[in-house]
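Presented below are the structures under discussion, each in the form of structure tokens.
There are two complexes below, and they share chain A, which is joined by chain B in the first and by chain C in the second.
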Partner chain A sequence: AVAGLCPCRAVFARRGGALRALCGSLRGLAAGPETHFGFQTVTEEERREKIYQVFESVAKKYDVMNDSMTLGIHRVWKDILVHKMNPSPGTLLLDVAGGTGDIAFRFINYVRSARERQLQRKLRHHQNLSWQEISESYQEDKSKSLGDSQVVVCDINKEMLKVGKQKAQHLGYSEGLSWVLGNAEELPFDDDMFDVYTIAFGIRNVTRIDLALQEAYRVLKPGGRFLCLEFSHVNNPLLSRLYDLYSFQVIPVLGEVIAGDWKSYQYLVESIRRFPPQEELKAMIEDAGFFKVDYQNLNSGIVAIHSGFKL
Partner chain B sequence: KMAAAVAAAAGGLRRAGWRLWRGRAVFECHFCPPQSALHASAVLRRVSHEQEPFASSSQQQFDSHPSNHQPEQEPQGPRPSYTGQGGQESEDYESEEQLQHRILTAALEFVPEHGWTAEAIAEGAKTLGLSVAAAGMFHSDGSELILHFVSQCNTKLSELLEQEQKLVQLGDAEKKPTDQFLRDAVQARLRMLIPYIDKWPQALSILLLPHNIPSSLNLLTSMIDDIWHYAGDQSTDFNWYTRRAVLTGVYNTTELVMMQDSSPDFEDTWRFLENRIADAMNMGNTANQVQSTGEAVVQGLMGAAVTVSNVGTSSTVR
Partner chain C sequence: GRARLGSSEPQARHGRSEEEEEEEVEEEGGCYQLYPGHIPTSPLQKALLAAGSACMALYDPYRHDMVAVLGETTGCLALPNLRDKMKNHPEGYRILQERPRIRLSTLDMGRLRGLPDGTLGREYVRFLEDNKVSPDTRMPPKFVDDEELAYVIQRYREVHDLMHTLLGMPTNMLGEVVVKWFEAVQTGLPMCVLGAAFGPVRLSTRKLQVLATELVPWAIRSGRNASCILNIYYEQRWEQPVESLREEIGIFPPP
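Let's turn to the complex of A and B:
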């Protein structure tokens, strides 16, 4: 029944979209090349607008919805991403489409504990210090609990950034954190600035993925790392059926019940289906100029982490 | 004589097979260049070298000693980023593997401070002008750094032994007796650990992790084989295996003794090494002695039996 439902809706939407496109071209002026919004076909400008509206409306309930849709597993996925990054103190992270700050907070925690371990090791080495040196080291610790690490959270949506800033204040994250409004396709940063660029569950919503990848390449330092956490293609057929069932039947309902917004979560589920699978995304990342591009499937492909280096 | 010739041929084949088996690691090409290499790499340097077809360089690998499983001089897959008029000049970028080797080599100087960890690799990457995130290219437990170091040491040892051999061939130096040769070779190799001796126990434990055992075992056996080769081992029978097994045991135990040796310039370790090598030499003699003693005993018994039977027949005749 589910399999029958999806293509029907898709055909319906596509027919409507094709008609709209026809009218658009008849008017003699298209507002940009055609692209997809979920299973609909829209122009690029329209897509950007629609996605902005989606996230504007879900911003306040974003975290709650994440927890309920993925049954809390998204926290594990994000933990795995930061663990894979293995940032050392002094790393500069750019988290794009980082809205509510999940990755940024995890990064800060990780770097803080790494820094503590580093300091402990240093202290163990220096067993016989004078009182002067000990007091100096304590002063140094206070000012550098993060060890010069910094994270810049960049998002295109003001509402998401607002929610993120509130969360940061609430949880007590103050130093080493910046919030910037920006478009992933056109980042407001200089070349060769960041050590790591992450985009978690955001690249799906970017209209021109190739531009975003090129921007990522531009702002990374030589040797810098690109990490992308995103829903991807499930290779296990049985799991795929269950996943489809859950996605199209349960998630929009949850969206309506919890966030009062069926359409946004319908878009979410459809956008996951339209997103290129692992190998294709890997090829796109390589096209942008990254080397040693690799991906790791989590939960047999429900989510995948792609990694590449600017060499 | 026919049997001896066949045995020699078999031994030669076995040795060649051994080399082939180690050499096949040379051809593991994990690296596939991306389809569209339109972007000039930001970091990989231009490496211009003379036209050297892949086949001939691999031939060299067979004849000389493939002593490490990650050859540093082999240019893997030239990147076609610039094909101008000068088709003759093969200007290539260095491969990712070569860059990784450079990073690991740079990381070695930070090992005494940070240990064999991803942090040392990150510091190494920083000295090359790369971001610290480049350490993400490697495993987070530092295995690659240790394996790189071990293979570097093995290469250095091979070069040292080859130089010595050249001197002997030219007549500038005396050929050392086997036990002294082995002693000097093992000592030279172990001395390379001295700058990192504090963190070496950590490295040994990482090398024993299951996913590292194939590589570390490979490096160890190839090093031991090198030493015996330069010691002039021409055996074609079971001795080939015995000798390598014995020397591996000597090397490993000496390494462990070195870990907890606190004498000046590790004198205790070298004395331990001397004793073990002497034991190993004696073992060969003892085996021979046992054999000849056994033969003598059998002959004596045979003689006694013949005497007894002669006495018996002579008594019956009379």
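Let's turn to the complex of A and C:
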């Protein structure tokens, strides 16, 4: 549905003669089906490459830009995602397109406090034990501050992973955290491995969303949950106009001023407009085999969390 | 009504056909590239860029790209002025026609190095080597909405190093500020004026004193006295001694 064959016209190349000729010959050689890169028409291979370059370019300023563009609200959205997930200690999470680790770190914080509460409850039940026995039980539990929970951060982009690892080191996250280079369309994991699969602000950049959803289904255990946090469609007409104005007038300027990169952020706002709206994405998730698929709008649909279960 | 935008359409939602997108772009008008690297921008975007780049350039003086963006977004009056000065001068007119570029690929560094001391070519190469700079680091214009004016600002950027050579100023903060004062008087570009006014805030008091008492007055006098620096076809004058070129333009000897 998303990568439908479109008439070959790249919006940007309409007037520039040389550019048009180049795009024409590229299309002539086009080896794959056509898809979109923002508002341009490109082949699937070109799109993957361009998106790789976008994230390679923005990696170092990714977090700063997220805070500037959303005025810090993206943190709340991610908090809501992890709260909705409500992971218990012992959960195995796969965070795809997890790049700089925002979801992974929140997951770790969540299970750590859940674990602490668990231990506190255990302690209350142990009030009849001797001091010695209590301190011995501390030794056991200390080594499992996360209670066997683990998160695997998977991203296709080396630069984003690099930034994520540096952040983890800087913030002191090490236990229960792994970093894997991988493609959402073809995950390097075995079937039925994970309890939860998340993809936050990543699925928009995947070229074949259907494949990514199929892979998500494959690597989840039966009973596992799929969670997707992504920009979506705003229904409210007034808000929609303000949102468009802000997106197209302010965000590329922020990209230029803060990251020195107008084009990547122009791509970002265009890709949001190109992404399927809530109901369409829900249908795609159901097509991949998930049950009880539902979505929750945040901020009137600027962002939506889609959820599904593998039964 | 549609949200006005710079280079592409927000209304092309979710798999709408390309034809519709193209029609919308046609109606918007002026939303296409005029030269390689051109990013068309709306007036609101230019205003935001001007404000943002000014703040960022002050906050982080090493963001040369921000200084460049500031120049492009605020130059709408000064640039046509400069272009007209060039058009009305025989040498300037030739430059506009021929569009020479000062780049490592177009310069014969070996030949310039071999020229006698005191010539423009020899001193220019010496300046580049002493300060470890290269003419290729100049930002190409992105936000100028006229192809000829884009060349004018590009020429101004590429000639900047030659200004350093003619004024005898190094590329440290002090030297840059002095050159900015000269350029502000010469070109009237708001970016130069802002740079000249705000650049000194990061200098020590001792340097500020030298700046205020000797260098700036000299730069202003020279700037006023000199003919338009964009009207010199530098590429044809490598053999000319710097002193003679200074006299010809009207730049007073540096203090």
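Definition applied: the second predicted complex is superposed on the first by the 280 of 311 C-alpha atoms of A that agree within 3 Å, B and C clash if a C-alpha of one lies under 4 Å from a C-alpha of the other, contacts with A are read in each partner's own complex, and residues count from 1 in each chain.
Convention: contacts are C-beta pairs under 8 Å (C-beta built on N, C-alpha and C of every residue); 3 or more make two chains touch, one makes a residue touch a chain.
Because the structure is a prediction, the values reported are computed rather than measured.
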item: Touched partner set for A:Arg225, first chain B, second chain C, both or neither; value: first
item: Partner chain(s) touched by A:Asp287 [first = chain B, second = chain C, both, neither]; value: first
item: Touched chain A residues, chain B compared with chain C; value: C
item: Touching partner for A:Ser307 - first (chain B), second (chain C), both, neither; value: first
item: Partner chain(s) touched by A:Thr91 [first = chain B, second = chain C, both, neither]; value: first
item: Which of chain B and chain C A:Val196 touches, first, second, both or neither; value: first
item: Touching both chain B and chain C, residues of chain A; value: none
item: Chain C to chain A touching residues, read off their complex; value: 3-15, 17-19, 21-22, 25, 32-33, 36, 39, 42, 44-45, 48-49, 52-53, 55-56, 63, 65-66, 69, 142
item: Footprint of chain C on chain A - complex, ascending; value: 1-2, 4, 6-7, 9, 11-12, 14-16, 19, 38-39, 41, 233, 241, 244-245, 247-250, 252-254, 256-258, 260, 262-263, 266, 269-270, 273-277, 280
item: Of all residues in chain A, those that touch chain B in their complex; value: 84-88, 90-91, 118, 195-196, 217, 220-225, 283, 286-289, 291-293, 307, 309-311
item: Complex contacts: residues of chain B adjacent to chain A; value: 34-36, 39, 41-44, 96, 99, 118-119, 122, 125, 128-137, 140
